[in-house]
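Please find the structures below.
One chain, chain A, appears in both complexes that follow, with chain B as partner in the first and chain C in the second.
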Partner chain A sequence: MDIEPGERRRTRRAALALAFALAFGWRHGSGEEMPAYHVVVHPENPVASLDRRALARIFLKNTTRWEHDGEIHPVDQSPQSEVRRRFDEEVLGRSVAAVRNAWQQAIFSGRDVPPPELGSDAMVLDYVRRDPQAIGYVSGKAELRGARAIPVR
Partner chain B sequence: MRDRTGACAVALLAAAQTFPARADAPEEQGRAFDVHGFASQGFLWSTDNNYLAHSARGSFEFSELALNLTKPLVSDVRVGGQLFAHRLGPIGDLKAIADWYYVDWHRFDAFAVRAGRVKLPFGLYNESSDYDAGRTIVLLPQSLYSITSRDFLLAATGVAVYGNVAMGGAGGLSYAAVGGTLFLDTSQTISAPGTVVDVPYVAVARLAWDLPVPGLRLAASGLYVRLDFDTTVAGQPVSGRLPAVLDAVSLSFARGPFGFAAEYGRWWVAVEGSTNPAVFPNLERWTDRGYVAGVYNLTERFSCALYGSVFFADVDHREGRQNYQHDGALALRYDLTDNWLFKVEAHAIQGTASLNPALNGNRPRTQLVPDWGLLVLKTTAYF
Partner chain C sequence: MRQPTLRRRLQLIIALAAAMLLAMPVVDVLSVREVNGGVEALEHEYVPLLRVGADAQARLVALTRAFQEAVAAQDPEALEATAAQKAELEALLSEAPALVDRADLALLRRHLDEWYASAFGVSQELFSGVVGEELTVRIADMQEKHRVVERDLERSLTLDPARLAAGFERARRVGLYGLWARMSIRVPLTILVVALAIATARRLVRSLDTLRDGFERIGRGEFDRPVPAEGRDELADAARHANRMAGNLKALDAELRRGNAELERTNRELESFSYSVSHDLRAPLRSVDGFSQAVLEDYGDRLPEQGQDYLRRVRAGAQRMAALVDDLLRLSRVGRAELHRAQVDVSALARAVAEELARGSPERPVEVEVEDGLVAEGDAPLLRVVLDNLIGNAWKFAGRGARPRVEVAGLHEPGFAGFRVRDNGVGFDMAHAGRLFAPFQRLDSARDFPGTGIGLATVQRVVHRHGGRVWAQGEAGRGAEFSVLLPKTKDEG
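Entry: the complex of A and B
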């Protein structure tokens, strides 16, 4: 039995609508939410994942070397950025102001200097892509553009 | 002596210019030096008794300036130094000194070495005691962090070893130890003219445990120092040795906007080998000192802090205003911008044990007002 042209158009529209509904509905139906941030490294960095404690040690410069060897080069974002706020509160367990105070104490006691602070996700991704030892974080909606996101346990 | 060490510091930093920045770290290519600095101006006013400066009439003799530079050299090696100038009442005279300077080798997290003039790792805050913008309060609890003892207890010229070890589910351990000597300019520190003080050695160590509970830290510190002195008392010459053992147990907790700290120390000081016991007798004394403090960041720019501090100058004689000085303080900090802050702090103080008779008409501590207040205002710009 042949399908009439009008019916064909209706069928095509219905199929597209069904496909869209399945894609959109499935995503929301599974409860998947965009993460607040991605932790990113160079694509050649072999680290598979990090737990929050290890990640905090890296960004507070208590751990300075990768297990696979090489010095770790962490990079922070601007203190005014939302992603910095979320990262400091969830990973370091402190407000941005408290972390800045702690680093200021380290600077003026001569103990250490903080990781460099970059102004945007794009700058962090560029930094990480150029340096195999680097690690940073970007907002959850950022396109990674070749940097590799690692899960945080 | 301090001018010579300052020249060494300048030479060290100039030598750093001959080493290229590391090529394997993108951030280093655009960062020849890390440069930071601050400038502070304070005001002290006390209801009675002059404290730290001529505070009873109001005093602006409370100024600090610092500039530091840090540069990574070859892999794992860094140099740094800080120039510092201050004035607090009769101390400091705003003369620039080499506050700290070092060559640092840090190849392993568990073991690193630093040589030069290094801050002494004692208690929670000794190393950062100068830096006003790193905390909410103006005056650290003076029972443990006496601002007038800065030149004796802040930094030493020698060698430091330090490191930290992650212990998985048990948290992490960090340690630091320094051995060296102190070069003292007693004209800026001691009110007795003509006093000469030599410090053959000082040694200090601290062990800290970051517990598995995020933000919770326990620490223990110990310091040994010996001062060999030569002075004049009541017109008569006297010399001798002054050994001291200082210790502190510390607890701190930081979570979100809230911070808490408590420390306690029982210190031992002695005078030995006095050549004129009639005017400067041999003695041995234990002191008790401690505090509890809390801080709360109300907003990103506004924080408040509260502490109570106790000090007994002689554990065998706790009565009498001259034998104790207890301090309750409330501080407010407001950050006008990311680089400029203002603080106001009020103290209610009982006792006169830490007052300087030379600032109070040479009246003995037994005759100074036992209950008094202090107001401190301070502004700091930093980068």
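Entry: the complex of A and C
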């Protein structure tokens, strides 16, 4: 898989963060330096990375099956959370309200059921760890603890 | 009075035909109403079904949107208001036509209730903001319930082609039934009326033929063969009347024949008598005349002039009486002689008569003009008698005119041919025309014009024996015209 410049930058940032961590002990860096969210999957999920468009399609349930096999189980965060706001704006390209509105239409017209909105990073991570077909996102500061983050291109 | 059958039958035919003509539109109307009923049934069942079905689906969509909008607006009142929309949808369902299976409808209502409760609950949850894992399950459940409702609507409130086909089939059957009903009334009624009309017409024609033959026989004088009068209808009545008439005619005919025979016998006796008398009178007259002549010739010189004159008068009287007797004998012969009809050249006869007259009195300058080619049908000697008398009369009376003139010309009428004899003499007053042809009638004075007064009577008798007509026209001082028409038995040609 080709490594894009953005990813190289993130890798550099990660290396820098590691250096900081080594120098000042393990602690959270500033918001500027940490990613706003990590996209996490089950450790057994063979997906290496996803681009934003593929990710948006998964979270809007336009893509419903993993390429390797099985149904995709996306999981959302609370609409009040910052990470949800960032994720919706950056990945889905819309405001949380717009996304919710779209889901409400889908709900009542019976087109689809929105991904469950979980109240915290921990709950998301817990969900992902339990379900090999799940995919979620957590805030950048969250400790992944067994879930696997995949890079977003 | 007996009810005439024929009239009753004709009345029956007319009544039946009228009933048929009146019944046809009535049956038509009834059967069209039947067909319309079938179509209306289709209309009453399927049109409301389509309307309710489409309406219910639209309302379900609206209700769904109302939930979504209430949630989007976070408006609990709007959420509560969905209950009214649901009630409207339920009311609409109760308008579903009888065609819809009630069990299906009950199931639909139950599923609608379940979905509504589910959607209401989900909406309330959505107000709280977070779509939890448990809520997604309920959403999925709600969506399933929604699908069930949609399926129910689809199944119970949409047009079922099989049902529609059955409806049309029913309407078609009703139409066909109407057609058969119409035909079953029309065809037998038409056959009945036509058969009745034919039978009546045949009977009518047969009866009329019989009647015509009967009248023909009566016309020929066969009064003994009555017209057959079978049955009790008007024509049989007419036949009976005809028979009665034939009976009366027969009686009249017999009476007439009897009268005729009597008359003929009397006539014969009379003629024979007058012939005998005339004949017997001639001998004494000849003696009177002959001996008077002998006295005059043998002893005339010994008689004074007056005595001679008396004797001459005796002779003239005797001669006149002899002429009278001859005329009477001729008249009698004319009445008794047998007729031998033939084509007679009237022109030649007339010229012969004129020549004889001219020879008899050469001193009379009478101009006689006879048309060429005059032909009549009759007994030649008798026609000669007619012409003798008519031309003789004309000759006699024409004598007094400035230019005495007699004209014989042709006369024609359909079926008749004849001639007229015209003079320019003294003529006569038409008021006395009726007396002209009676024996011994004389309009003129015997002194002025010699004659016995039997000539025209003889003419009339001859013409009548031929079955012809004779008549006279004239005006005092302006001549007379006598016309004779004799029937033609053969066509001219």
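We adopt the following convention: the second predicted complex is superposed on the first by the 121 of 153 C-alpha atoms of A that agree within 3 Å, B and C clash if a C-alpha of one lies under 4 Å from a C-alpha of the other, contacts with A are read in each partner's own complex, and residues count from 1 in each chain.
Simple rule for what comes next: a residue touches a chain if its C-beta (ideal position, glycine included) is under 8 Å from a C-beta of that chain, and two chains touch if they have at least 3 such contacts.
This structure is a prediction, so every number in the text was calculated from the model and none was measured.
Trainee: Aligned on chain A, chain B and chain C: do they clash or fit?
Mentor: Pair status: clash.
Trainee: Have a look at where A:78 lands relative to chain B and chain C in the superposition and call it first, second, both or neither.
Mentor: The second partner, chain C, only.
Trainee: Look at A:110 in the shared chain and tell me whether it touches chain B only, chain C only, both, or neither; answer first, second, both or neither.
Mentor: Both partners.
Trainee: Of the partners chain B and chain C, which touch A:86 in the superposed model: first, second, both, neither?
Mentor: So A:86 meets neither chain B nor chain C here.
Trainee: Going by the touch definition up top, name the partner, chain B or chain C, that contacts more of chain A.
Mentor: B
Trainee: Of the partners chain B and chain C, which touch A:131 in the superposed model: first, second, both, neither?
Mentor: first
Trainee: Could you say whether A:148 touches chain B, chain C, both of them, or neither, answering first, second, both or neither?
Mentor: Touch status of A:148: no partner.
Trainee: Quick one: is A:119 in contact with chain B, with chain C, with both, or with neither? Answer first, second, both or neither.
Mentor: Second partner only.
Trainee: Hey, which part of chain C ends up inside chain B in the overlay, 75-83, 255-263 or 381-389?
Mentor: Comparing the options 75-83, 255-263 or 381-389, the clashing one for chain C against chain B is 75-83.
Trainee: For chain A, what residues appear in both contact lists, the one with chain B and the one with chain C?
Mentor: Looking at chain A, the two contact sets intersect at 79, 101, 104-105, 107-110, 113, 116, 127.
Trainee: Within the complex, which stretch of chain A touches chain C?
Mentor: Residues 76, 78-80, 101, 103-105, 107-110, 113-119, 127.
Trainee: What does chain B use to touch chain A in their complex?
Mentor: Touching chain A: residues 24-27, 31, 34, 36, 38, 66, 68, 70, 75-76, 80, 82, 100, 102, 106, 108-109, 118-119, 127-128, 130-131, 133-135, 164, 166, 172, 174, 214-215, 254-257, 259, 297, 300-301, 303, 335, 338, 382 of chain B.
Trainee: Going by the contact rule set out above, which residues of chain C touch chain A in the complex?
Mentor: 64-65, 67-68, 71-72, 119, 122, 126, 129-133, 135-136, 139-140, 142-143, 146-147
Trainee: Enumerate the contact residues on chain A facing chain B in the complex.
Mentor: Per the touch definition, chain A meets chain B at residues 53-54, 56-57, 62-65, 71, 73, 75, 79, 89, 93-98, 101-102, 104-111, 113, 116, 127, 130-131, 133-134.
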